């Protein structure tokens, strides 16, 4: 195991030089978007400065280099999640949300019919809800929800009944509100036992723990580059080669065709079929660098580091606020990641975040694109703090100090 | 520089803790209009009872941050019992108060064109413009009221 | 008028420091992707180094700054194309291709029915063909083609008959193969006279001449950031506010909703409805810088500069090769831009491009995602050279020298 | 370093200018398989006449660059009249020749595992691996032939 030092990660990450309202920045919003290290930023600058060209259709040198970087990122991602058939199973989209739309509107539209059920959960992000509602409008499928218990975990007690008529289970690997980690292997097993496929929203897990889609035995795996130290503008869609081969085209245009005439078109094979138009080339170069960087840190190290930070923060939030602040999520780090949603009694999350900003503490207030979950717990918003590999106990110190002040201000 | 005292003036915290005109009105005769701030989840429902061109009663429900809640409470106090023309004038004045000069990230309210004294307690919301993201919190209730008045006209 | 100096543009653009096979790079592939100046690259680096955060849902300072940059780019684009109602009419997508899919699958699906006609042209890019074929499969619309004449221009002699039953005309502002510029104002007028709307593929025009959608009186306007000195991963969709307001959602997810429950969702209003998920934030910062940079150059200057380069190149290609090389496109710069497709007799375009690469000359061989047009002229590929604001006569010199050698090698 | 002479050897230019086995065969008895290279537009149609496990005739049509055209011509000359087992061996050997070592942008063919002498004229295509984007030009005909043989088996 490599020696992991979060202070080195911090030194590698230019944003942490910033001072906000006379305080060093305490960036606690990695669940919304993580902060890329210098290596990622430079990989993109280098792309534009040295080799920028469109991919795939050039024979000159910078076009080859661009294409190489782009395809290299695909291989890096395939390796990072352990895709059984490698890069041929990786589709690049613009974000996790587009990946879900691809799943629903290509695989879903081709394989689901009126009455078929897609089983999601009450703790899904809108990205894994709205596309299914859209498919319901179009095809008359049913969208069913796995409930979330008062322990902030999926209530799987009736999973066999819930699975009746289900063709696809689509669940988050980790809730972006509660921090709850889903028992994916178990769910994959029961889903398959019932003849259903399983899709995973890994937006919150991939940058924080090691991933092995082969071992998980899942069918679709979706995430975003910008939540794993990579750039904006790039999402990932993984599925097994055999499923990918059967998926009809989604977005149409250049690059996704084998032939076009005035009477019709023939779609391309492989990932290209789903990558219409000029792809996010510089972004892929950045993602390639992010994967290398994370591999250098070691995902198990990252995970253990964030687990310790979370444990410390949960303990202190519990003991230092006399019950005035409630953590909306599991109380221990057992099957739980570094996302901590707070409900400060009598203070709206927006106001909490506003006060925290005065201390350079960056937390996100709101419904976190998970309105059904908020309704489940009768909340309109939480203030959410979340960790990354560069997070330090000092960030938690700043968070707690600022929270005390917020509580005081609102009396 | 922006600082918290500018934003969270005592009047605002008071209206947040003890909101005026909370509740519902029977529809009809009252009309009911909902407002959302989809990005932060704030919701507001405005009930208006208009008789003879006069806003004889107003009630509010909903939830949101101290700014959106106090702004709606302050608004209800400011417009209740007024003629619709006056209500519209108040809306216009308030919106001017909330105008951000977009030439830079620095923002200031527009004191030359807004007669702050005429606003009474509403002037407490002046500090919001220094926090541009919170402007939409402050204006949610007002936009909803505008919409409700349009329905009255229609 | 500002004084325009292409050598200054070149000095501003880091890629031009590159040496390829012992030759200074002669980048003649701007039609595929233009080369961003330092100001654009730095705007993106600065974003990641100083202010990176997700947009819209934060109250802390870097989140505000991110949001500001993102919305500022929208305003810059609205100004750049003279959108009558400003930023409220600008939707950010991932590329021009997604913008066409949005047009076809949101506006088109809501407004077209079996038998309705979409009129495109034989010189369209696949981005403006395949989505209409997909809609034909889904709805049974008809896709009709304006022919291209032997003069390489749209043959509008039967435009009135062609317009029978047409609900939408969707045409390129400038062919990415021929360089031909479309008479948009005239087409907009006849389209409107026949009760049809008109969409424009401006991917090839926006970075090379000044744009005024209000004056053109068109209804939809689509282009890509990476063809106007901006980054990859960002496309633009403009339409009139009244049309945008009536368009149903396309991609579903976070950010495009007003409300979501376990039973359904309410879409957001305005551009947000079409921007599901984390948008291309750093890319928008880059695009904002690109617009500023182009405004600094002056689009009329850029246009005149490229016109002169094109005129010179066309003349020399005509006189120096004894008819061995044919230009596939108009012979003069009248209603023609700086895209020059070449057919070298007896030498395949791939081989031409390969030889040129040895001289550092970057041209693109292939069908340029315009297969129907290639079939129209009985070609399988051309070698295409294209100019940008940084292009110099020296690039043309290098091109011609390398072409002579290609002709010699293949005898 | 890559240079043009490596790529455009005289044999290649000769096969490009005077392609062998151009034409069509009647189907049936021949089978016909199409190959595309969607990114560059190269197209190839392979006609195979197989009798008693032997490739008694092969014809080609299509269009493309000098590499794809000469490779298909060289292929047709190399496999015509051979037993299917031999044809498959030739395909395997050729594909090995085209293998790129992906450890870096630098690419080399694989001379230890490929007996270049056994390839005869085909060895002229060896220079292609130094130009990775052109490998797909060189392999198009071969992949199409592979596919055609699979159809024979099926």
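Letters A, B, C and D mark the chains in the order given here, with residues in each chain numbered from 1 onward.
Operating definition for what follows: a residue touches a chain if its C-beta (ideal position, glycine included) is under 8 Å from a C-beta of that chain, and two chains touch if they have at least 3 such contacts.
Quantities reported herein were computed from a predicted structural model and do not represent experimental measurements.
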Measuring from the mean C-alpha position of chain A to the mean C-alpha position of chain D, what distance in angstrom results?
44
Taking each chain's centre as its mean C-alpha position, how far apart are chain C and chain D in Å?
37
Taking each chain's centre as its mean C-alpha position, how far apart are chain A and chain C in Å?
31
Among chain C residues, those touching two or more other chains are 57-59, 63, 257, 259, 350, 354, 365-366, 371
Among the residues of chain B, pick out those that touch two or more other chains and give their numbers.
39-40, 131, 134
Indicate which of the five shapes (line, ring, star, complete, other) describes how the chains touch one another.
other
Every touching chain pair, please?
A-B, A-C, A-D, B-C, C-D
Help me check something: in the complex, which residues belonging to chain A touch chain C?
14-15, 18, 20-21, 25, 27, 29, 32-33, 35-36, 40-41, 44-45, 48-54, 57-63, 94-98, 100-101, 104, 122, 125-127, 129-131, 133-134, 145, 224, 226, 231-235, 249, 251-257, 259-262, 264-265, 276-283, 350, 353-354, 356-357, 361-366, 368-369, 371-372, 375
Footprint of chain D on chain C - complex, ascending
347-351, 354-355, 358, 365-367, 371, 374, 380-381, 409-411
Please give the residue numbers of chain B that touch chain A in the complex, ascending.
3-4, 7-8, 13, 39-43, 63-67, 69, 131, 134, 137
What residues of chain B sit close enough to touch chain C in their complex?
36, 38-40, 105, 131-134
Chain B contact footprint on chain C (complex, rising order)
56-59, 63-65, 67-68, 257-259, 268, 272
